[in-house]
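So, here's a batch of structures to check.
Each of the two complexes below includes chain A, the first together with chain B, the second together with chain C.
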Partner chain A sequence: MLRGPAFDEMTDPAGGPRPAWAALQSWLDATPLDLLHRKHGEAEALFRRLGITFYLYGDGAAAERMIPFDVLPRILSAAEWSTIERGCIQRVRALNMFLHDIYHEQEILRAGRIPPDLVIGNRAYRPEMAGVDLPGKVYSHIAGIDIVRTGPDDFLVLEDNLRTPSGVSYMLENRETTMRLFPDLFAGMSVRPVGSYPDQLLQNLRAVAPPGRPDPAVVLLTPGRLNAAYFEHVFLAEQMGVELVEGRDLFVDGGRIFMRTTGGPEQIDVIYRRIDDDFLDPLAFDPESVLGVAGLLSVVRGGGVTLANAIGAGVADDKAIYSFVPEIVRFYLGEEPVLANVPSYLLRNPEDCRYVLEHLDELVVKEVHGSGGHGMLIGPKASRQEREAYRARILADPAAFMAQPTLALSTCPTLVEDGIAPRHVDLRPFVLSGEVTSLVPGAFTRVALPEGSLVVNSSQGGGTKDTWVLDA
Partner chain B sequence: MLSRSAENLYWMSRYIERAENAARVLDVSYRMSLMPAAAPKESLYWQPAIEIGNDPAAFRARFGEAGQSNVLRFTVLDRSNPSSVYSCIRAARENARAERTRISSEMWEALNETWLAVADLDAARLDTWGLRAFFDWVKSRSHLFRGVTVGTALQDDAFHFIRIGTFIERADSTARILDVKYHVLLPSGEEAGGSVDYYQWGALLRSVSAFRAYRNVYRREIAPWRVAELLILHPAFPRSLAACLAGVDRTLGLLAPSGRLECVRLAGELYADLRYGKIDDIFRSGLHEFLEDFIGRNNRLAGQLQSDFMMSSVVE
Partner chain C sequence: MHLRIESATTYAYDRPPRHSTQYLRLTPQSGPGQTVGRWDISAPGALTAWNDMFGNRCHTLSVERPGPALEIAVAGTVETRDTAGILPPSPADALPDAVYLRDTGYTGADHGIADFAEPWRDACRADRLAGLHELMTAIHAEIAYVEGATSVLTTAGEAFAERRGVCQDHAHILIAAARSLGIPARYVSGYLWTGETGETGAGGAAFSASHAWAECRIEELGWVSFDPANGVCANDAYVRVAVGFDYATACPVRGVRTGGGGERMTTEIRLFREDEPAILQAEREA
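Let's look at the complex of A and B:
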C-alpha cells in the first residue's frame, strides 16, 4: 500500500478501462486532443469572465488567481460512492457526538479512551463553550472530509475539516462547466446531480435556529473581499438567497444579534460563518480582530443565535485527535469505522518520535496545528539539507508534529500540455448535519498538476476536477 | 437591505459615472488641442480637465503645468489618483464584486469585462488603443452598464441606490464642467455674444452630449446663457442639474415613502430651487457662486444619504 506504483483509477493493470470509466475511455478515443485543449481554453475564459477566483498571499500583495481546472471528470462508481457516503456520515455523526460530549459530560475522557490533555489542553478547545447546549447538538454543520485512495477498495481519511471547510463552490461550478463543455458525454452517462447542495444547507441552517423563531433569518458571515475563498462566500449566499455580511454589518443588543439595514436593524438567528474562532469576537478572543462582532460569544452562550460551525469545533479536526477518530467512532456508535485512517505517528510519543527521526526520508511530517499544505516535509522529495533543517524543528518541540507514510495517491487521467497523463488526486466530499446527516453525491476533487507531485493544495499548484458519481 | 450593500452599490454607480465623465472631459480637451487654430499654450486645453477633477492641487504638486501626457497620466492611468479612469473602473468593479449577490450576472460580467480590459493599461497601451477610441470605449462601457442595469436588475431598493449614485455623481460633474468651462471661455467682464468661439461652446455641449439637444431645444445660435440654462434648469435634458435632482427626489420617494428623513428634505429643497429657478436670477447673483453653492449642497445631500441609510444601529 505504501510503496509501488500508484493506483490508476481509470485503467486496470491489463490496460483496459475499469467499468465506470469505459464510456469516458471510448469518448476520449474518438475525441481529438486539440478539441480538449480548445475546451480547456473555453473553460478558463468562462471562469475568468464569471470571476471564479481566489486570493493568494505572498510578498505583502494579494494576487487574484484562478484555480486551474482540468476538463476531464473523475468518475466514481455507485459502489465506491456508497462506501464513501456511509463512511463520511458515520464519521461526522461520531465527531459531532464527541464534540457535544467534551463540552458536557466528557464521558470519553472519563472512560480513558483519549488522553485528556490532548482535548482540554488543545489550542482549539474553547472552555467558554462548556455546558452550552446547541440546537440539535450539532457542532460541525458543514464538514469536509479529505479522502485519498491507494487501491481498488482502499479509501483512507487523510484529514477532517470541521471548522470552515471550503471548496464546495468548485464542486458545483465545475459541474456547470463540464455540462456546458461536454453535453454529449454527460448525457451519455448517468451522473447523479449535485445541485441541491445549497437548498439542503439552507434547510439545515434554518433547522438549527434558536427555538421560538418561526421564520429564522440566516446570514453568511465573510471576512471580506480579500479572503481566499471570497468567491465561494458570494456564491453560496447567492445560491441560498441569504445576506452576505461582514462583522461590521452586525452588532449585539440585549442578548441578540442585529444586522444594519437601510430600513433599520434586523434580528439574525443563524450565522453561517466563514471566519475562524479567533477572529469572531474581539471581546472574547483576538482583541485585534476587526472581522468579528463584539459580544458575539455571549449571545451564542445565551442561545440568542446559532453559529455554523459552532465555536470550538476545531478541537475534533486537530491532527493529534485525528488518530483517535476510529476509537471515537467505536465509542459513540458501537460500530467499526467504514473508512480507515492513514496510519500516523504522533511525535509526542517517544517511540513514534524515534521511528520518525530514523525514517525521515520515507515519511510525510506535518505540524499538528497546520493546514493548507504549508510547513510540511515530504521526506522522499526533500533534499538532505531540508530534512536536517526539519529534524531540528522536530527536536525543538516534538509534540507539535505528526507523521504519515508517503502514500501513493491514486491517479486520474488529466489533460496536460502534450496529451493525457495520470496525475495524483484526492477527494473532499461535504457532509451536512442538521436534523439528519447527509451528503450530496459529489465532491471537490483536487489534482496535483505537476508530474509526480503529491501536493494537491490550490495554493501550491493544485487544480480541480469535476467529480461524477454514477447512478449504477 | 444591508446598509453596506446600499453603500457599495451607490459607489459602484458613482464610480462608473465618474469614469464616463472623466472620459467626456478629456475627449473634449483632446479634440480642442487638435483644432487648426490650436492655442499657443498646450495647457489652455488640458488645464480645465484638471480643474474639473476632484484634486487639482495634487496634480499641480506633482506635475506643475498641464500638458497632454501628464494630464493623461494623472486622469487616466494613475493608480494612486482615486478619480483616474483606471481607479474609477477598478473601484466600481470592486464594489460590484462585493455585491455580486445583489446585482444581475449580466451587470457583473459587463463591469468585470471592462475592468479586465484596463487592468494592465499603461501609456504605451493607451497610445496603441488611440485616445479617441479609448474615450469612446469608456463612454460606451458606461452606457452598456447602465443599459444592462435597467434591463436586467430587479427594481428593488438595490436598484434605487444604484440610480441615486448615478444622479448625484452626474449632477456634480455637470456643475463642475459648466463652472470651469464657463470661466475659461468667458472671462469676467467680457461681453457675452460677439467674441464667443462657436467651436469652444460646441465642444462644451458635446462633452455632456448636449449639442443636438441644444439645437432641438433652442433652434438658435449658441449663446452662453442658453447653454447654462440647458445644463442647469432644463427638466428634459438628462444631464441637467434639474433632471438629476428630479431623479434623486423621485427615487427617494420610493426608498423612504414616509418622507421623514433629512436627506429627503435636502433633496426636495435643492430640487425645488432648480425646478422653479430662472436663469436670469442665477446670472444676476453670479453663475460661479450659484454653481459653487450647488456643488456644496449636492455634497451635503450625498453625506446625508450616507448617514440616513448606510449607518443604522439603533434598535427600536
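Let's look at the complex of A and C:
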C-alpha cells in the first residue's frame, strides 16, 4: 500500500485485460488513435457549448476554465461496486448518527471514544445546532466520499465531504458525453444508468421537509455565478425542476421561509444550499455575508425549514475527525468498516509529530481544516527548501496538521498526446440520504493528467472521466 | 427587588429600507435570581418566538417596508433576588461547557490579556471562585470606565490595549482572560438598577440601565456572575436577559436591512423600583 508500483485497473500483471475491461480493451485494439483524438476534440467542443466550466481561485481574480475530460471511461465490475456501495452507505449512516449524537446527548464523547476537544473545540462544530431535531435525523443529505484504490480489493477512503460536495454534474454530463461519443461501445457493455440521480435527490429532499406539508417546495440556494460550482447549481436545479435562488430572493416571516416571486411570496420547505455555514445567516454567523438569508437560523431551530446539508455537518468531515471514522462506524452500527481509512498521523499527538518530522520526504502532510488540495506538502515530490519551509509551519502549530503515507493511487488508461497511458485516479461516489441512504451506480472519477502526478484536484490540474459500473 | 422595566429601541432611516429582519433577545426568563411577571414586546410586524442555542427566549421580527422609523418596545416586571451571583447548573444548559472556551471575534485573548491573566492561573486552580474574584477586581482597577471611548465593535484586545471602555468591554476582557486560563466564560446582557447609591454604585462608575457582565463556570457551583465594570458579583439589582459567547450572540437587538440607508439606532431604557417607598420614587422623578 505504501509506495511501489501502482495498481493498474485495466491490465493484470500478465499483460492481459481484467475481465471487466476486456470489451474496452478489444474496442481500443480496433480503434485508431486519431479517432480517439478526434472524439476528444468533439467532447471539448460539447462541454464548451454546454458551458461546463469551473472557476479557479488564486490570489487575484477568479479565472474561468474547463476541467479536462478524458474520453476513456473507467470501469468498475459489479463486485467492486458492491463493496464501494456497502462501504459508503455504512459510512454515511454512521456519520449521520454521529452528527445527531454530538448535537444531542454526545454519547460517543461520554464513552471516551473521541477526544471531546476535537469535536467541541472544532470550528466546524456549530453549537447553534445543539438540541435541534432534524427530520429523519439526517445531517448530510448529499455526501461525496473520496476513495482511492491501491490494489484489487483495496478501496480506501481518503476524505469524507459532508458539507456541500460538488462534482455530481460531471458524473451526469460525462455519461451523456461518452454515450454520444461512443454509442456502440456503450451499448455493448451493459453499463448501469446514473440518470436517476436528480430524481432521487429531489425525492429525498422532499422526504425531509418539515412535517405537515403535503407538497413541499424545494429550492437550490447558490452563492451566485462567481462560485466555482455555479454551473453545477444551474444544472442540478434544472434537472430537478426546482428554482435556483440567491439569498436576496428569500426572506423570513412568521417562522417560515418565503421566496419572492412576481405572483407574491411562496413558502419554501427545503433548501438545498450550496453556501457554506458561515454565510447562511448574517444575524447568526458572518455579519458581513450578503449571500445568506437574515433570520434563517431561527427558522431552522424552529423546524420551519430543512437545510440540506444541515448546518454543522462539516465537523464530521474534518480531517482530525477522519481518523476516528472507523471507530464511529463501530460505535453506532456495531459493525466493522467495509472501507478502511488511509492510515493517518495526527500531529497533535507528539509521537505522530516526531515521526512525521523525521519522514517528511515520504509523507503527504495536509492542513487539518484545509480542503481542495491547497496548502499540502507532497513529501517525495517536494524540494528540500519546500520541505524545510513546511517543517517550520508544522512546528509553529502541530495540531493544525495531519499526514498520510504517499499512496500509489491506482491507474486507468488515459488518452494522452502520444497514445494511451496509465494515469492515477480517485473516485467520488455521491451518497444520498433521506428516508434511506443510497447511491446511484456511478461516481465522479478524477484523473491526474500529468505523468506521475498524484494530485487529482480539479484546482490542481486534475481531469475527469466517466465511470461505468457494470451490471454483472 | 420588584422592578418595572420599559425600553424602546428605535431605528430611524433617511432612506427607508425595503425589508428589515431582527433578532431580539429582549425577554428575560425566570430562574434562581429572578421571577418574570408580565412581559410584553411590541413591534411593527409579526414576532416569531424561538429559543437560541443558549436557551435564550428570542424573537425574530421581519418587516417589509418599515417606513422612516421602526420602534421595538418592551414593558414588564421582574422580581429579583440576591443569590450572590450563583446560578446552579440547569437542564436548560444545552451546550457543553467546553464550547464556552472557544474564542470569538470579540473575545480572542491577545497576548496582552493572556499575560495580564496569567498571574491568577494558580489561584484559579486552587480556588476558582476566589481566583476569579481577584481577577475581576484587577480588571476593574485596570480598565477605566469611560463612556464613548469604545464602540459596540471594539474587541476585548482593543479595549484592553486602551485600558478603558464600558461594561461591554469589561465583560469581554474578563471573558477573554478567563478563557485564556481554561475557564468557560460567557457574556450576559441585561439591566442594572442604579437608583441606589452604595454597593453597586461604588467605584465612581457611571451607569446606564442597560448593562453587561460575565458569567464563569465553577464546577461545584454552576455559573457565577462577575461584573468587572463594577467589581462585584451580581445581586438583586441585576436583571439577566440573555447570555451568549459575546456581545454579538447575546445582544438585545441585532438586525439586517435590505435597501435604504442613513440608519440611526437609539435605545431608551427606564427602570422603576416598585417596592421602594413612593416618596423616594416621587423625589427621583421630580
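Assume the second predicted complex is superposed on the first by the 471 of 472 C-alpha atoms of A that agree within 3 Å, B and C clash if a C-alpha of one lies under 4 Å from a C-alpha of the other, contacts with A are read in each partner's own complex, and residues count from 1 in each chain.
By definition in this document, contacts are C-beta pairs under 8 Å (C-beta built on N, C-alpha and C of every residue); 3 or more make two chains touch, one makes a residue touch a chain.
For clarity, every value in this text was computed on a predicted model and none was experimentally measured.
Trainee: Between chain B (first) and chain C (second), which, if any, makes contact with A:49: first, second, both or neither?
Mentor: A:49: touches chain B, not chain C.
Trainee: Per the contact definition in the header, classify A:251: touching chain B only (first), chain C only (second), both, or neither.
Mentor: Both partners.
Trainee: Touching A:35 in the superposition: chain B (first), chain C (second), both, neither?
Mentor: neither
Trainee: Per the contact definition in the header, classify A:226: touching chain B only (first), chain C only (second), both, or neither.
Mentor: The answer is neither, since A:226 touches no partner chain.
Trainee: Give one of first, second, both or neither to describe whether A:116 is in contact with chain B, with chain C, with both, or with none.
Mentor: In the superposed model, A:116 contacts chain C only, not chain B.
Trainee: Is A:79 contacted by the first partner chain B, the second partner chain C, both or neither?
Mentor: A:79 sits against neither chain B nor chain C.
Trainee: Please indicate which partner A:264 is in contact with in the superposed arrangement: first for chain B, second for chain C, both, or neither.
Mentor: A:264 sits against chain B, while chain C stays out of touch.
Trainee: With the touch criterion stated at the top, can you tell me which chain A residues are shared between the chain B interface and the chain C interface?
Mentor: Chain A residues touching both partners: 248, 251, 253-254.
Trainee: How about chain A: which of its residues touch chain C in the complex?
Mentor: Those residues of chain A that touch chain C are 106, 109, 116-117, 120-121, 125, 127-131, 248, 251-255, 282-284, 287, 294-295, 298-299, 301-302.
Trainee: Hey, which residues of chain C end up touching chain A in the complex?
Mentor: These residues of chain C touch chain A: 19, 21-23, 46, 48, 50-53, 58, 60, 62, 64, 94-96, 98-99, 101-102, 248, 254-256, 258.
Trainee: Under the touch definition given earlier, write down the residues of chain B that touch chain A in their complex.
Mentor: Where chain B meets chain A, its residues are 1-6, 94, 97-98, 100-101, 105, 108-109, 112-113, 116, 157, 161, 255, 309-316.
Trainee: Report the residues of chain A in contact with chain B in the complex, numbered from low to high.
Mentor: Residues of chain A touching chain B: 48-51, 224-225, 234, 237-238, 243-246, 248-249, 251, 253-254, 258-265.
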